[in-house]
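Structures for review follow.
In the two complexes below, chain A is the common chain; its partner is chain B in one and chain C in the other.
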Partner chain A sequence: MLRDRMGKRVWLLLILPGALFVAVFMLIPLFSIVISTFFPENTFTLNNYGKLLESVYFQQVFGRSVRLSLLSTLLCALLGFPCAYYISRYSRHKGVMMALAVFPLFTSPVIRSFSWMVILGRKGIVNQFLVNVGLFSRPQSLLYNEFSMTVGFVQLFLPQMILSLLGVMDSIPEDLTEAAGSLGAPKLTAFLRIVFPLSVSGLVTGAVLVFTGCMTAYTTPQLLGATDTQVLSTMVYQYAMSLRDWVQASAVAMVMIVVTMLVSGVFNHLSKKINPLAT
Partner chain B sequence: MKGKHHIALGLITFLVYVFLIGPLVIIMAASFGEQNALVFPSQGFTFKWYAQVFQMSSFIKAALLSIEIAFAATAIALLLGVPAAYAINRYSFPGKGFVKTLFLSPVLIPCIVLGFIMLRYVVSQWNLSVIPSLLIGHTLLSIPYVMRVVTSSLANFDFAMEEAAGSLGAPKGYAFFHIVLPNIKSGIASACVMAVINSFNNVSLSTFLTAPGVNMLPIEIMGYVEYHFDPTIAALATVMMLVTLGVMLLIEKTLGLQTVV
Partner chain C sequence: MPLLELKNITAGYGKNIILRDFNLQVERGQFVSLLGSSGCGKTTTLRLIAGFSEPNAGSIIFDGRDITHVPLHKRNFGFVFQSYALFPHMTVFDNVAFGLKMRKVSKEETKRRVMEMLALVDLNGFEKRYPREMSGGQRQRVALARAMVIRPDLMLFDEPLSNLDAKLRVKMRVEIRRIQQELGFTAIYVTHDQEECFAISDQVAIMNQGVIEQMDSPAHIFNGPKTEFIAHFVGFENFFDLTRQNGSLTTASGAVMAVASDRPGERFKACIRPEDVQIHPAEADVPNALPGEVLVTTFLGRNIQYNVRTPVGEFAVKAEQGNVYSIGSGVTLSLIANKIILIDSKE
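The block that comes next holds the complex of A and B.
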């Protein structure tokens, strides 16, 4: 009895420091920023968002962010799925393959973006190759455009796609495909009817990670993009630090929060619902 | 199916891994080139860029600051997060789900937005200097890792053991430090590893909080490569990647890489 009565106060003491820390340094600032965009001069207005959404520049930046994120997500899925399937079903060195996927994940995004500056630059290996095979007579500009940004995004987030796919594929019992095979189903049918449907939840989880990652990444667009290929994250930075336009920066930041939360909320819910193996 | 081959899939996997790892290998190779411009394939073999890296005081200073902030922030996150994770698993109280979400919430906010709101509503309003701001920001980054990993390792812990210690006369604190903590120490270790690496590599939060002269390593590198294109950065990157490999080997030997990711 004594312990129970003590316990009632102990839990509060244990969570209070951390809860206060997050509340003071993140939640209150977050609420302040929401309020500041709707009440810039103590009266409610949607002007800040109206101005932002009407601006052609913002529309371009928003469109580019969504477009590049979708494209990168698609590419990660197309490249990651066969990889994860191979590692899960055929590879004899699964541990090594996983470690090789984790290594870039642990390496600084600055270094990974920088490596593309070396490879895609005018004196880089790709340009040398293109000129040597006679495709171009002189080195092409492969950097600081949407192409280099997409390459950077895909390399940045592909490991997460592979790892989330591996997570679900490893949980698919091999007996299932073997049973299908012994009952006469061709390999492709077994794959399409068994492995693929059971992997979709991992695909969705991975896609959410890649998409929200691309929508919010800052280093890669900053290093591999240019001033005419801004995305939402570089726009927040530019408005806040170069133009000192706090209000517009806050509005762009809010757009980022809403989009990423909406996408991850909806799709993570979906992925839980469609996984037949989930308990 | 194990042990069988699938040539087409194997080839795709190989090419994807070349795309993932190749650029990093190229950086390593280019760091030994003798030319002043960063090119690949490079000519000659020299260690001079490595000597150069260790002579650049701005990089050394930034690296030390990055390491200090990463470890200090993780330590603070442990002090704040472990007791909360313990309370969530041990006691029943109203709003438990909300408390857990609160501790996980920093990971839901894009880092670049977190940096911006911290700059606007914490740093400039309270006139914080660079170091405390970085410490607070990076602690926010680390708290979700601690909460996620420690609650899941406590979920596998049998609290009857702690109660048994209590009924045998062990004081409450003694039972926590000698029974609970040793049982979740691998969870705590993997939370620390992830939090430290994440903090060390972070750019988008720190970029709002650093100032000229007081910089974190990734941001110092970003500033450098905007104006210089020589193998010094390749050498620095190689050193950082070797450290990463060392850390991964250490994790594999102690916790197992699969438990961390």
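The block that comes next holds the complex of A and C.
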């Protein structure tokens, strides 16, 4: 009994500093934001959200944000899956490959966005290549649009996807694939029926990370997008800093939180359908 | 004609060659075990037969057909893994049905065959469970059912019982043997457990460093090991040299030994099990006598083991309790003539 109580107290001590920090610096401000959107003048109102949802401009920005985030998530999944599979199954230098996959995380998103500006600019190597090959007669505008934003997002968050997938794939024993093979499954079937369903939990973790990252990323859409390609995060900034409308900014932020949670929920639900045991 | 034949197989990775010029023949309907310590190449051999890997050289003939390069999913061999390798995201039913689904067997027949197989391995009513909800023994039976339901041309077992506790191991090996005799399939069984493989096999191939040292029925191997390695393996602990002099076999110390074996040759390595050596008081008049001195006594329950120094080396002797000889006392050992096995001396 004594040990139980001691154990409980130690547990409290361990969790307290972190919990306090989160409460003071995150939960309280977050809560005050929520309150401020419903009680701008001390009376309850849904006006702030009504105004927002009615605005065609907001609808466009909202649509763009969700669309680009989903697209980037899909691209990260498509690019990350083979990559993680290769590293997990076939690579002889796993450490090196993992370091390479994670390497982009060592540079700041600002630097990475600037690099894309150089690469995708009118005189960048992509345009030069396209013109030299003869696909286009004049350089194309690859920058400051949804294309460059998506490219930026994918490059920014691909490592998260690869790492999440790797964690799960490494725990799938090789002999499961061999067992499927000995039972008559060709390699592709074995992959689709065994490796893929068992990787789904990693795919979901990765997808939630990438989607949340894309929704909340600020520098990348700010630097690689333009005024006519605003997303929710840049909109929050605009409301708060340029228009000094903190209440409206908070309302947009709330929408972002709700969307992120909803989409994460949907991802989780989908994964349960593919693999009922996925956590 | 053997059902399966491995011809001059070489296998390994890079400079690490595990099998060199390896040969094996398995007759139809036989239960053949590959026995050996870890690293002897037994699992490599099994994985080659299954098609998990390909040999660097040599060929694998099955039923008169060269299958060396046939991909594993086209071989129709059942494989039972040490780790069971059940699909964790599928129920027992789906696990067992997997191979039938790959063969596009109709739904009704799949259901019938899966249920039949689960009944055979005594798992009625478990079809909706997931592997993680089952015990090790149950999982292994699911793995067995999953491999057998496809009616494989050959069953391959890779140390299937080594993750189970001792009691269950004995039960399961009887079970495997029963099912094999009932269905009549040919099986190759890899193990490092001598008792296990002697208990269930028609033929045992004892492997050492990538070579089969002897392949024979369990009784033949047990009573007539052909090499020193095998003799060690099946419990011979006492080894000594014998040379033929004037028509009789003589030890290095000059003692003449009567040996039942009429094996031709001049120089032999002779061996005998500890339980086939009798211990008597010093100077006793017994056949095949060797004088000695007790070095160590060990209490083994039913028996007492004496380690005795003799002029031809140290002997381990297992004796019934009764006459107890203390450390340092002189004794005479008597080697039972028809229990002495002669092996060709390597020198």
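What we mean here is this: the second predicted complex is superposed on the first by the 237 of 279 C-alpha atoms of A that agree within 3 Å, B and C clash if a C-alpha of one lies under 4 Å from a C-alpha of the other, contacts with A are read in each partner's own complex, and residues count from 1 in each chain.
The rule we apply is simple: a contact is a pair of C-beta atoms (placed from the backbone, for glycine too) under 8 Å apart; a residue touches a chain by one contact, two chains touch by 3 or more.
Small disclaimer: the values here were computed from a predicted structure and weren't measured.
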Output check: A:S141 vs chain B and chain C. Expected answer is one of first, second, both, neither. What do you get? neither
Contacts of A:N47 with chain B and chain C, given as first, second, both or neither: neither
Touch test for A:A180: chain B only (first), chain C only (second), both, or neither? second
Applying the document's definition of touch, where does A:Y218 land relative to chain B and chain C: first, second, both, or neither? first
Broader residue contact with chain A after superposition on the shared chain, chain B or chain C: B
If you stack the two complexes on chain A, which partner ends up touching A:Q60: first (chain B), second (chain C), both, or neither? neither
Determine where on chain A the residues touched by chain B overlap those touched by chain C, and list them. 178
Report the residues of chain C in contact with chain A in the complex, numbered from low to high. 50-52, 71-79, 81, 83, 85-89, 98-99, 102-103, 130, 132, 146-147, 150
The chain A residues in contact with chain C across the complex are 173, 175-176, 178-187, 189-190, 193-194, 197-198, 275-278
Going by the contact rule at the top, pick out the chain B residues touching chain A in the complex. 1-6, 9-10, 12-13, 16-17, 19-21, 23-24, 26-27, 30, 37-41, 79-81, 83-84, 86-88, 90-91, 93, 99, 102-103, 105-106, 108-114, 116-122, 136-137, 139-140, 143, 166, 197, 200-201, 203-204, 207-208, 218, 221-222, 225, 229, 233-234, 237, 240-241, 244-245, 247-248, 252, 257-258, 261
Residues of chain A touching chain B in their complex? 3, 7-8, 10-12, 14-15, 17-19, 21-23, 25-30, 32-33, 79-80, 82-83, 85-87, 89-92, 95, 97-112, 114-119, 121, 123-125, 154-155, 158-159, 163, 174, 177-178, 212, 215-219, 222-223, 233, 236-237, 240-241, 246, 249-250, 253, 256-257, 260-261, 264
